[in-house]
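Can you read through this structure? Questions will come right after.
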Amino acid sequence: MTRQTLPNTKPIMCKIIKKEEECEDTFTFLLEIPVKVQGAKPGQFIMLWVPGVDEFPIGIAGFENNVLEIGIAKMGKGTEALLKKEVGDYLGIRGFYGKQFQVPREGEVNHLLIGGGFGMTPLKMLTTTLIKQEDKQEIHVFEGARTKSRLMYLEWFQNLHDAGKLVFHACTDDGSYGYKGYPTVDLEKFLQEARGSSIFYVAGPERMMKVIFDIGKKYDTVIDMQMSLADRYMRCGFGVCSYCAVDPTGWRICVDGPIFNTKQLEQITDFGVYKRLETGEKERI
Amino acid sequence: MTRQTLPNTKPIMCKIIKKEEECEDTFTFLLEIPVKVQGAKPGQFIMLWVPGVDEFPIGIAGFENNVLEIGIAKMGKGTEALLKKEVGDYLGIRGFYGKQFQVPREGEVNHLLIGGGFGMTPLKMLTTTLIKQEDKQEIHVFEGARTKSRLMYLEWFQNLHDAGKLVFHACTDDGSYGYKGYPTVDLEKFLQEARGSSIFYVAGPERMMKVIFDIGKKYDTVIDMQMSLADRYMRCGFGVCSYCAVDPTGWRICVDGPIFNTKQLEQITDFGVYKRLETGEKERI
Amino acid sequence: MSFETFIGSIEIRNPLILASGVLGTTYSTLQRAYTAGLGAVITKSIGPRSRSGNPNPSVFALQDIRSLINSVGLANPGYQSFRHDIEQLVKSETPTIVSIFGENQTEFSEVLDGLKDLNILGFEVNLSCPNTDKGGSQIGTDPDTVFNIVKTLKSKTDLPLWIKLTPNVSDIVEIANAAVKGGCDAIVAINTLKAMVIDIQTKQPILGFKRGGLSGSAIKPIGIRYIYDLYESFKDKIPIIGVGGISKGEDVVEYLLAGATAVEIGSAIGIAYPENMIRFITMKIKKYMQEHNYSSIGEITGGAHK
Amino acid sequence: MSFETFIGSIEIRNPLILASGVLGTTYSTLQRAYTAGLGAVITKSIGPRSRSGNPNPSVFALQDIRSLINSVGLANPGYQSFRHDIEQLVKSETPTIVSIFGENQTEFSEVLDGLKDLNILGFEVNLSCPNTDKGGSQIGTDPDTVFNIVKTLKSKTDLPLWIKLTPNVSDIVEIANAAVKGGCDAIVAINTLKAMVIDIQTKQPILGFKRGGLSGSAIKPIGIRYIYDLYESFKDKIPIIGVGGISKGEDVVEYLLAGATAVEIGSAIGIAYPENMIRFITMKIKKYMQEHNYSSIGEITGGAHK
């Protein structure tokens, strides 16, 4: 049968049941999904409708008991309107869209999660998944921000670090928390000293990811790099419109991504260089 | 959830895999249904499309391994065209529609199947079901026709009779097979002598059914009479158009019937008296 | 919380009306539909003479899109014969709108004249059936014809006249305008969309009439759009009645918010049991009104235009 | 058995064409769609200037009717910027039709003039987008305007001109006639149907542009009907290309039997993986042709009119 089922619906209206300041200009929202949905996977995203304002892609930070956790950073008009929403208000969600981070089922490997800004939301969910895994593999989280007040999930990661569940490498441009500098500093240090293979899971500004990609390529021990391309304009979120696509492969970030692995990233010449605007025009990143 | 699923589809094209003369002007067809369908129940019917000619309701004589058995009596243009179809030709079916005969699950009871003409098709399927039941209840089949060559399923019923599976009471107007007269003769004889309760399952011309209904009412031992109203024009077969409806209850033969029980038949003042034409006009039967 | 709904001068107990052509050929099915909980019922479209309509197949389901296609084509007993059914409805106090059609103005007038003495709620004028060669939706696509028919019929009766429009036009507002200028009492939209299904095995259109009209869930977004557009033009100048693809309470609310004063339900009510369907729909509307603090149906109408 | 398909003077390797607006904004998605097995691809409709289109939400699915609603509204990079993408397509030998639109004849001409030197298969003239305020489907509902635009464009180029029609008209044959008289090389039908979805929780239309167009399975019976009607009028006088709701090989055959020379597929090809979808569709068509002893696609066209 060639029958194909639409993977999604019109926006499902969800009530905000919790809102919490996460760090500067960034809030966590918990949304109650009123219908039974299949579990979201780390790396996937939703299209979030702020009624009357805009709809845009948002990563998934957590999903349990039909409650969805998202983390929103103020950017422009849409996210600003969103941050004004309060408990009891409704938001529309479509999804869950996109591919997940691929965590190898077996073998010893260091999991290196590297990110910044709202890129930390999928990494939070990935962390939750990783620390549930029984086997004793090392988990390292490298987070960077301008200043302490902008480190997302700082307390959450720090607590896990203190509990010995992972190693948290925080850094800030101004040295107000962690070491002063970029996440790449500790990352390289780790790679030079580390035993065994490592996998990168990266989410953050694309230019930062490109730098990390180039670093990773220098080390044979880095067996895969998975990066979330979240710097592309999206309309549909499920593969129809092509506004999110990358050249020259024609992959749609929303369906074929947003998570791409090393092999794929090598083929995407746009990676770190070009993106399409909402008109379809190409622009330097 | 108020969500309602359409109970049916566009005509499903089925190949004729067998065609056999059953009796005068009447053929049995076996149709291979190319998709998995839920089992048909005795008393239900299909809408049968003879491509390019007409579509009309036809009872189900058997259903096994996705193969449907129907028995077609020549009537007018549509059935005539149908009888010209050969093995390998395609017919469209929609269904299965309507309510089934209600056979009591327990308790000792005489099953009296009474019919004539194409009314024998649902009674054949009901017979198949009844003789599969373990418990030793009496099954009596009363069939009438003008003459021997018009007795439908004669051999089939006679064989079951000879095998002791049921008692077959055949009769003809001209005495060419069974006794001379109407099925009502043996039926009344049976009712006068019988021990225990009986249930009628009747399918045939509506005026005959009305006569049988009046007979049944005279006997306290007749605990239910179920009759198949198949003398009404049908368009949709699934309850939308109302052309098949009976007054004053507004029951649609296709959905609320075609099988009605004693209590229901008593409320249908149209029963045996009026029917609606394809224009919606009312006419004496 | 009250469900009473006013459509111009008419008051009905709730905004759910049986659409024409579904369960509408016999008084007893219409009575049953009303008893099941509707606010009012509309008869099958009745013409000047009895008609057999189009050959079968004339109705079947397209399950994958939760829809029906039909080419019943105004099979009807003619007004003279149908008077008897209407009388039964009047006797049982079933609020009844009689749908009428004709191939031209004279025929429309004949049918209206032949039934206007009966104690019915009003007439729905079917200018929109896609399943006939003459009359039907041809008539409903020309503003002048619409104006003339409505004006003539209106001059003949004080009973409310609803005009049912076809979606198969470039600009439904233009047609509605003609009907409103002609003096109609409500606009009803939409009738079915021109459609066809071909069987690839036998290589022929399945419907006996070949062409048919699409109804059911597939046309709901189209109906909503038309009601929204009509309400933008007319606001509360004239009641607008929404039809097309309603099968749930949520659908009814969506039509009301788009601008409908009341709704008609066709395909979904015929499938399976009207009694259950109407109970579910009503329960859901009640729940919605409670949650959103509505105390009457009228308050919901047009809510999406703010 | 051959899949080659002739659309007037054009020959493509099979009758499956990517519809405009789906996977059509970047050369790489278009290339990918062709590589996946299509006969040709059509770009997103390109206009004179870059446009952001309508605010989001601008596309979402209506799962229960296996359909989409969209109001992307001709968001496009403008022909000057898009030349680069077309050049890439030409270089990779992807048979490309460029869809163009404008708000008036001058704009259409400007776009055509700006791209006609490229080695493309032809132009599809979009007279039918329901998601803009000016231009779009307004233009496509008036026969005179259609005639003039087609005639003017035809005088400017020898490349084939396909005219894409809107289903939101009273009489599609009348519009098609104007296009044929104007000298077009093929008729394409249908574009999306005017539609809207309202969220009852927040009481507002969900699409950022409020109004949108319906595509996908829900509109297939409507598309089939229009192709059938067009073929009744034109027979093989002009190639007719069928679009609307195709998601299976059976759907393609149904359109061919209705009278289509080739088909376009939009919504269904975007959802999930074009590669799989096209393989399934092709397999099914092949099987059908075998079972029914067809040796070429052209033999199927119009088969339901016998």
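The first chain written gets the first letter, and so on, giving A, B, C and D; residue counts start at 1 in each chain.
The working rule: a residue touches a chain if its C-beta (ideal position, glycine included) is under 8 Å from a C-beta of that chain, and two chains touch if they have at least 3 such contacts.
Bear in mind the structure is a predicted one, so any value in this text is a computation, not a measurement.
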Return the chains common to the contact lists of chain A and chain B. none
Trace the shortest chain of touching neighbours from chain B to chain C and give its length in steps. 1
Chain whose mean Cα position lies farthest from chain D: B
Chain B to chain D: how many Å between their CA centres? 51
Euclidean distance of C-alpha centroids - chain C vs chain D, Å: 33
Geometric centre distance via CA averages, chain D-chain A, whole Å: 36
On chain C, where are the residues touching two or more other chains? 62, 66-67, 69, 197, 204
Which residues of chain B are in contact with two or more other chains? none
Assign the assembly's chain-to-chain touch graph to one of these shapes: line, ring, star, complete, other. line
How do the chains pair up in terms of touching? List each pair. A-D, B-C, C-D
Write out the stretch or stretches of chain B touching chain C in their complex. 2-11, 13, 47, 49, 51-52, 54-56, 90, 92, 94, 235-236, 238-243, 245-252, 255, 276-282
Which chain D residues qualify as touching chain A in the complex? 21-33, 44, 50-53, 55-63, 66-68, 70, 72, 75-78, 81-82, 84, 88, 197, 199, 201-202, 204, 206, 208, 216, 247-249, 266-268, 270-273, 277, 280-281, 283-284
Provide the residue numbers of chain C that touch chain D in the complex, in ascending order. 62, 64-67, 69, 141, 168-171, 193-198, 200, 203-205, 210-211, 214, 217-222, 224-226, 228, 250, 253-254, 257-258, 288, 303-304, 306
